[in-house]
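I've put the structures underneath this note.
Two complexes, one shared chain (chain A), two partners (chain B, chain C).
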Partner chain A sequence: MNHGDSKLCAPTDARATLDDRDRLPCEFPGQAARPEYAMSSSTRIIVDRSLRHIFRIVSFFSVIALAAMVIFVFAQGLGPFFFPTAPSIAVVLENIPSARINGSLYENHRRAIPLDPEASYLTIEFPLSGTPTRISLPLYRNVEDPGRSIEFPPELQDYLSSPEHLSYTLSFPGSLPGLEPRIHINIPEPPYSFRSFITGREWRPVYRKMYGIFPMIIATLLSALGAVLVGAPVALLSCVLIAEFLPPRLSAAVTGAIELLAGIPSVVYGFFGLMIVVPGIQRLFGSASGSSIAAAIAILSLMILPTIVTIGVTALRSVPATLREASLALGATKMQTAWCVVCTSAKSGLVTGVVLGTARALGETMAVILVAGNSPQIPVSLVSSVRTLTATIALEMGYSAGRHNEMLFSIGIILFLLIFLLNGVIMRLRGKMHTEVSS
Partner chain B sequence: MNSSPKFSIKNLNLYYGVFHALKAVEMEIPDRNVTALIGPSGCGKSTFIRVLNRMNDLVRDCLIEGTVLMDNTNIYGPGTDVTSLRTAVGMVFQKPNPFPMSIWQNVAYGPKMQGLRNTAALNEVVEESLRRAALWDEVKDRLKKNALSLSGGQQQRLCIARAIAMQPQVILMDEPTSALDPIATKRIEELMESLKRDYCIVIVTHSMNQALRISDKTAFFLMGEVLEFGDTARVFDDPRHEETSRYITGHFG
Partner chain C sequence: MKIERTVALVAAMALLVPALSFAGGRSESGGPTQYTIEVTGSTSVSPLMESFAETYSAAHPHVSINVSGTGSGDGITGANTGVAELGMSSRSLRPTELGFGLDVLTVAIDAIAVIVHPDNPVSGLSRDQVRQIYTGEITNWNQVGGPDRPIAVVSREPGSGTRGAFEEVVDFVDRLVSGAIEFDGTGGVRASVAGNLNAIGYISLGSITHEVKALDIEGVAATGANVTSGAYTIARPFLVLYRQEKTASETDRFLEWMVSPEAQAIVERNYVRIN
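Let's turn to the complex of A and B:
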């Protein structure tokens, strides 16, 4: 009908899309003969068109959500690699009502006072127990180690403390305990090198300002890999059993049970792991604590089962029955048919299942936090306590501030990249499977 | 005509649950002949052909009574190895159903499953089978290509090659040409003509002309019963039953 429409009413354009065609508000000549109950073409066109717009808007939500997430994470997470934490050194005065810093007077100032980035010295004049005091500190720019950009003379060393890297506090004896005058000097952290972010082995974000996530990348990859190595074979064998060998009722029951497993909140898995798996590993390996990469692998392999099984069973069931018949009619056994025909035909579905399972293992947070021990170190054995990338974000987002906070987003970027990579693998494998025999 | 029949079916009754699908079927199917099964849809032809290689075993609630002798052995007797029966009785289905693998793998599948691992031997089997199925010249340069890239007629001949590769004694064909165009159909019919020198062929068909052209014996099924069975020429020229004559002349069905 659409075809007739376009021929009659529009210049025949071979490239006219379906869109263009049914936008033409004209009636087919056979119109008069149409039954009474039929909608008029214009109604149908309006309905179709509005439905299409609704579809478009609704489906764009997911695209917009994804784009927003990517933009947000990247915007937050890329900062530390390009910009210093502040343009210049900043001073914070505590219990000093009035002071003159580099000539400007500050009264009852509680917020950070940024210095002129070009300044080559820092002078602070303030009354200490009634006596005017003057501190003068030379500043150096463009030094390798930003911690050396300020020089404290020997007579100040007694008052000096450095609770965190790049942050100095001068505390002077005051009239009342707890109300000592203090001067905090914060030196900006320079842009962090992406390389030391990826390959750095120390994650000490608060005191040392070190943001090396290499141990966490390793822990994440190893626990996901371990989970897939343990979980995928179990899951795939279950798929074949469920789809090929179990009688329909039992198969439905088992599928239902496994789907239920998929619905259990991950914190419950973690709880189970904490109460059962962790003590078990402790006893088995005789280690001090059972919270380890082994426990994480055990729980993750359990968690990816439903993902792989659900997708795998669907893939196996969608293999046409005629192929099974063909194989059986050739004198193959049921087992041979299951492996050589059904699994081969459903290969791409099975791979999809495994890859999605891997993605789940990579992204799992809560259960891992509960069982993995959470020390950011490179695992040396199965009982090493480890911390994954996602666990770091979840554990530290609550209290992190400044660059530390941004670095958690940078970890998010790394997770994004891992998932992109995994998706790339899935696409390549699928493409390969479609072309492998025809090449 | 050969003296001893390939299949000799005695008092065969088949039930799907409570449905009585085949009623007291008696038939002797000769070797090295084409036997055509005709009849209206749902009359039990396909069910019957699936009795011969026990494909009905896969159907739940399927009950079979009676004896089916193949070379004087009851294939429904105790101790029958169904898989080896199926290697001896090949089957070609209504819709071409090649495996989603390469052409070579499709033909080599059966022998491989029987344990043939030698690549040279497999190559030989593949070539021989494809030649017999009149497909070799068309595909010899692309044996590694996906079988699904072939045309429908080629796919069906590939399925025949796949069946031949098992060196069966019998080939069952369940409406093998119903999904094909006339030219592909003609090629398959010619193929059957040449294959019947070595094999016992049983074919289900909805085309009276096809039955007339290629078969030596014809059985007319109606409501699960074999109403008429005899030489094709006799059945078509001089049907004993009115239903047969009405069916083959196209008055019902």
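Let's turn to the complex of A and C:
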């Protein structure tokens, strides 16, 4: 098989589709004059169509992969807003070999024992240093404040502790140190309100079970905005310089260097930031630490440069030379031509570059973790330590469990939405510009 | 049309099948009894587990032990769901995690050292001062007998075993001052403190290097001997989690070995042995 040759008899008419080529394989001049073209037309049709099916199947798989990812993130991330963490209160016995809970006997049971969701009391009977003991706790259906759905009588208060929100532990004195009998009562967390998730200002996921990501949304948007405000003008000016003013050889060298910049792994940017930018900012502002939103903006603006420059230069170069020539012929200077003619015609491409740069700044994780300080607070100054949405996922995924883990997927959903929004913006801007150009 | 479809399908299969089979592929070299123990979890326990693995595999060539340090939460979940045979945790189990019914083996005790830059003249703090620094009541080194410099508070991320244990022992659970710098992993905290004269952080005693200085707490130095005697109180257990009914016999032997005198001698190099 000689695939390379099949393109030789492709139609010159750009409007012809792949199907036309299949049907009209040999109606092009020059076909007969090529004796080296060995494949018969019917074989070639089979090869072409097979290739087309391969393309379809392969792209089908990538669509499936994308869909699977979206479904996975949404399925994991939406759970906390609709379901409680467990259907009912659960009891865990520690160092209690045998106990009777609401009438049922549990021997050497270490797993959580779920109660009947309708139960109005919790009765635990167990031997405590030899003497049979009975604890009876009334249960309430308290939707507003689940912490109050169980009542501990005053005589148990001495044994009671609450290691974390909605968890109660009764520890009794035991015969051996470290082997004290303990009863843990875990009340399920109710569905979390989406509003408190978005607008909540406290991210205290472990003990207090507060999952407010407002500070992270603000930090993400501010650091991306800052990076674009600093990086985009620099990048756009570089585009114009490279595409319009530099001699070809130098322009190629600069483009190559910038493309190299795009290939540097983000952790290297982060390392550079940690070693150079962070101490620099600390010295400049005299703050306690240089890990701050300013450092994040500095690194991000550097990182989005190659994205904007690469796309921008391509856009500027694709402006037809006839436009430039016409402008110069009309007496405009080279500078006027670059600004008023070339940049105006390439506006859509330049805007695409900036929006993609913004997307990169929003999504960047590794470099930001290293320089931003990662405190989930709303920044009050340039030297505030901040944490972005992506950084939260990366920092806590390995350490989280249960709802905390699901909430990280919920953050993933928010990131998805941000990117959808950004893509919407890019499409609208493009549509608008196309109509402007054509009208 | 039929021929093309078949050709295309076969070609697509030829492309995809090897790619997919990589996921399930596992080489079966080195004899029939070759066994791999997967261990995952706490980044603080990982260095110790790696020394364990090295020594144990040298003596038992047919057992290879894969240690991945991903985090205590991951270790507990991994042991619970069976993703890894053994989980590592550097904190006690939380109430909901106790409900998983996992078997727990304490393999070592580790002190958490409060660290500062080596050039910081402050050499000791009281436990109250540490708490006040971490809750934001003390913000300048001159409030604790140091130079007039702001304090940069460095912490671990929420969910970290080290952070959980430190907050519990020093008594400021979930009250970390906002604006603190948070890093994942012991190395991140150490690097951050090593590079900043104003910083204060906390890491596992076994991970201290010359780049940072450990502070005395209540006048007691952070050393293994002081943890054993009970004088240094900021300490937590290193746990290995597993399911007795599911572990292979090779794994059971490894678990037994971890509390043997030979393994505890390894513990003693950097941590505190269990008694």
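Everything that follows uses one rule, which is that the second predicted complex is superposed on the first by the 393 of 439 C-alpha atoms of A that agree within 3 Å, B and C clash if a C-alpha of one lies under 4 Å from a C-alpha of the other, contacts with A are read in each partner's own complex, and residues count from 1 in each chain.
The rule we apply is simple: a contact is a pair of C-beta atoms (placed from the backbone, for glycine too) under 8 Å apart; a residue touches a chain by one contact, two chains touch by 3 or more.
The model shown is predicted, which means the values in this text are computed figures rather than measured ones.
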| item | value |
| --- | --- |
| Which superposed partner A:Val341 touches (first chain B, second chain C, both, neither) | first |
| First, second, both or neither for A:Asn108, with chain B first and chain C second | neither |
| Touched partner set for A:Ala90, first chain B, second chain C, both or neither | second |
| Contacts of A:Gln157 with chain B and chain C, given as first, second, both or neither | neither |
| Residue contacts with chain A in the superposition, chain B compared against chain C | C |
| Partner chain in contact with A:Pro205 - chain B first, chain C second, else both or neither | second |
| Common interface positions of chain A, toward chain B and toward chain C | none |
| Of chain C, residues touching chain A in the complex | 1, 3-5, 7-9, 11-12, 15-16, 70-74, 76-77, 94-102, 149-152, 154, 157-161, 164, 173-174, 178-184, 191-192, 195-196, 198-199 |
| Chain C-touching residues of chain A, taken from the complex the two chains share | 46, 49-54, 56-58, 61, 90, 92, 94, 109-112, 163-164, 167, 169, 184, 186, 203-208, 274-275, 278-279, 282, 287-291, 369, 373-377, 384-385, 387, 394-402, 404-405 |
| Complex contacts: residues of chain A adjacent to chain B | 320, 322-323, 325-333, 336, 340-341, 344-345, 437-438 |
| List of chain B residues in touch with chain A within their complex | 53, 55, 58, 83-87, 90-91, 93, 95, 97-102, 105, 109-110, 112-114, 144-146, 149, 159, 162-163, 166 |
